[in-house]
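Presented sequentially are two complexes of chain A, the first with chain B as partner and the second with chain C.
Up next, the complex of A and B:
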């Protein structure tokens, strides 16, 4: 066990000492919000935060990423042949990630690393990233991690967990990866009984602060076609602007597009995040579109997260309860309400 | 780790303009690295992503049969950015193919059965692959009667005209070619919509399995004909189309319920489709 207690300054100094071993991402204040940024970019980490506006998804799965490059110069004997773009898979750590966002990575991993196909870029980044979590002492009103298998101090998907004890952090190693990270850190004193007790009390207090708990127990048993034909989708979708904010901020949305871009005689094949909220997402070459209406796209988003995923992976819902989509939806569509309606739906 | 996004480099070996409107061309590809051909081992019904550097990728059914060696071919309808560009490419040009992708027609289940094929328009490509595959001498005994109903709008819009004519001459396959209409006095085959011709020509569902591939309107009207003949939904097989990007079940757009058309399909039985949301 390498559990230790660090004074807050010492912890940050320790992280700075790891710069040669890891590329370290930390929450920093960025305008009115927080965002995960590499420590090397000069901004001071701010661990006294609720959560970042954007999930840390992009650290492992960038919004836009070059996959291949190629020459379009006919004089080049290798013209038109794709070559994999070089990438950096050296060790990284996300320090201060919330347990819900670590859960998000676990969910996305099921899509990108499965028995049939492995997405090589995701798999290597996921494998080389250490997740050092930070327990949530003050969950937000939009949080519902406890309803989807997690909790404000949930350790399952983390490599290490920090607990903010006011003037110091208790830091627990949870996996070999996490222990390896902590072993390289300087400073800290072995964790004492008192620190554990304080942490336990904080965890208890935090989970009591989470008041919304949408039920998910009946989703598995609901018939897909019944939910699909449920009468509430038009109403649910009524206010939706199809802006895609929910899918962009979501730590568990993984959909992407692949596009080619050409610059003179050089071209790139690029992967970009995409969104089921956009009609182009499913538009056929023929002009046919199976989800050309807004309510169909809204239905797809919720059916995917709360029914299709549930059936496919038999491992809960495709939601980590972070509440970002609830907080930032411009028309106040609330996944918790929809989850409850889907779960409690009785077909006629 | 194998990277499933990397296309095999290929050279366009031959381009055949199939239809009178010149919107359908068959592209025959040869692998630049001969060892890639064995890696691209496919089964009729599967598709691949055709990859054009600078333009992108398109999911297209494989029109050649695995019994045809030395090349792989695809028939492409000119509809969008990539297909339009591809239609202007020349023999000798280099591009890529990525696959094979998706599932295939239920060959194990079809063995020992009468096979009924119903196709319409340019969706005949993987059906062509299937027919060539079944007619291969070493495969033919594995199947009983083979009946094909294939239609297009006009005689000039039929794909693979030379092969159709050759199959007409054979006695180990029952061909029923039809067109929606024609003023050609020399037209010697049927005139009528595919579902109507299917109703006339398909006589029995006994020990038979039907593969249906065509435009949605044809599928909609063929389905009741087959059901009336006594085909249970488990023995009506359809191949679906969907917008795709990755082709390996990751990019998220081609789902119908919890199934991805690219990975769990494109071939589904009607029985399966009846359990899925009607969103295709």
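Up next, the complex of A and C:
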């Protein structure tokens, strides 16, 4: 391992130098919030941020992506043949990603790359993406990464980790991918004992700042039908607008919808993010909708994240504790509260 | 605010105790600063959960659509105007409602507060009438409420509820010296390309989550046109043309019905100034028909009526 310390400006210069090797996504200030954007788009990276409003999910899994295309022109010898659309799988790096969002990718990966199902586009992008994390020096009051298996400096799902030491970054290589990335970087001096000590103190301080800890210990042992029929769902769902804010901002929501769009004689098959909050999500061709009521859709979102996923993958909850849905839900539906209700539920 | 909260609790408790209503709809205090949650209570002892402050910027009329029970509900000016519209449009009956009127002095724009403290995390807000104190881990700042009103509240001329069965406090003075449409006039002055550019930029961040539509009490269609699938009307990707189609069509559907309550703008997770879509139509309704939505139960909205004696030729 060749951990290094970079002056802050040197680090950004080093990243600029990697533009030919990677498409580099960094947090930039975008209006009132931050967003991950490619460095080439001219905006300066801003690593002094809490977290982006949208998770970096779209870097790996775009909100809308053309999967296939076809011609409907009878004169075309290849008419009606579905052909895969060109896609960009070139190496990319998300620099400054928070450990919770890296956890999010890991959770989605479990769904998109498993013995039952492999999503070819996800798998290739996941494989070609390097995650250079940034430890969280000041977690928000809505953060609960430590309650779901992570932490503000958790290294497990990252390829490298930056630690903000004030005027410089300590950057640790954690995997071969991360080492490869750092090996291409210019500048930096080998990490010294002092830097590690400072980083350790920051990590300790940060984990103490996490004030939310919804319990998850009993979720696995709860009976699915008990939770499904629990009396609180109507109440939990009353204020819900059934909008897609929570699902679209979430780093771990993976559901999609595939649509064919035709313009003239050219057709595209497009994959769009979808949301279990929308009635259309479960509308059958017959016209029947098994989740035609709001509380059923709200229940589905929480049951999926906090029970079905828990049972299916035996690897914790489908939530990385980033707190986006807590911060941005327009009607303040708080997953921490619902998690606690589900976990502590006693059936009659 | 505290007084209003106490009064709301007291009235709700009484209405439920006396069985004048089956349910009561209001807000409860949120788990986050500047966020409150619509809540429905059914028992007098639950009345203590009710809450009111400067961040109740949703529209509770949204929660009344097609209910069949007797409902107690709180309503400030704009919310009550939507209730009028709901009654006219047969989404609820006047007799079902016991409206607890709230004379309103405007809601605080939570995004403006975040900007004012340079996006530092806000942990608590203390509201003291004309001022409020924003508290974080290492700062505390006091601001004047008047400078932080939601943009719709700053130009509101109907702060008092237009229909109510009981009030929580004295009626407040209405604002008269506001120019509500300066921003619309700027857009009107643009040439077509600039207008196109203006609206395209406006929706540049839209993620098609439909929070704006779903927070709007006017949007109660059983199937929204964007959800029509047999046949499909609008593409579902984030293609700008489809996204603009959604926003324009929705706005036109609200013409003559929108009360400028600002719920669409408040809920947008991407901070899109949603009112820019509806305000032009409000302005046209005012100029062409002397009409502001939801002020009277005696007249249907102008785009919702046919009169044989209409002075326009095209309609004959």
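The criterion applied here is as follows: the second predicted complex is superposed on the first by the 348 of 348 C-alpha atoms of A that agree within 3 Å, B and C clash if a C-alpha of one lies under 4 Å from a C-alpha of the other, contacts with A are read in each partner's own complex, and residues count from 1 in each chain.
One rule holds in what follows: a contact is a pair of C-beta atoms (placed from the backbone, for glycine too) under 8 Å apart; a residue touches a chain by one contact, two chains touch by 3 or more.
Source: prediction; values computed, not measured.
Student: Would you check which partner chain A:304 touches, where first means chain B only, second means chain C only, and both and neither mean what they say?
Tutor: Only chain B is touched by A:304; chain C is not.
Student: Let me test your reading of the model: by the given contact rule, A:70 touches which partner, first (chain B), second (chain C), both or neither?
Tutor: A:70 contacts chain B only, not chain C.
Student: Contacts for A:118 in the overlay, against chain B (first) and chain C (second): which applies, first, second, both or neither?
Tutor: The first partner, chain B, only.
Student: Once chain A of both complexes is superposed, is A:259 in touch with chain B (first), chain C (second), both, or neither?
Tutor: both
Student: With the two complexes superposed on chain A, say which partner A:239 touches: chain B (first), chain C (second), both, or neither.
Tutor: second
Student: What is the contact status of A:228 with respect to chain B (first) and chain C (second): first, second, both, or neither?
Tutor: first
Student: In the superposed arrangement, does A:153 touch chain B (first), chain C (second), both or neither?
Tutor: Neither: A:153 stays clear of chain B and chain C.
Student: Applying the touch criterion given at the start, work out whether A:279 contacts chain B, chain C, both or neither, answering first, second, both or neither.
Tutor: second
Student: Once the two structures are superposed, pull the chain A residues common to the chain B and chain C interfaces.
Tutor: Dual-contact residues (chain A): 257, 259, 283.
Student: Quick check: in the complex, which residue numbers of chain B touch chain A?
Tutor: Touch list, chain B to chain A: 1-7, 9, 32, 51-58, 77, 79-80, 83, 93-96, 216, 241-243, 245-246, 248-258, 263, 275-277, 279-280.
Student: Mind listing the chain A positions that touch chain C in their complex?
Tutor: Those residues of chain A that touch chain C are 30-33, 50, 53-54, 63-64, 138, 140-142, 235, 238-239, 241-245, 247-249, 257, 259, 261, 270, 272, 275, 278-280, 283, 326-334, 336-337.
Student: Considering only the defined contacts, which chain C positions touch chain A in the complex?
Tutor: So the residues of chain C touching chain A come out as 30-32, 35-40, 58, 62-63, 111, 114-115, 119, 121, 123, 205, 207-211, 213-215, 227, 229, 232, 235-239, 266-267, 269-271.
Student: In the complex, go through chain A and note every residue touching chain B.
Tutor: Contacts found on chain A: 67-68, 70, 72, 79-82, 84, 111-112, 114, 116-120, 123-124, 224-225, 228, 254-260, 262, 267, 269, 274, 276, 281-286, 288, 290-291, 296, 300, 303-304, 307-309, 311-312.
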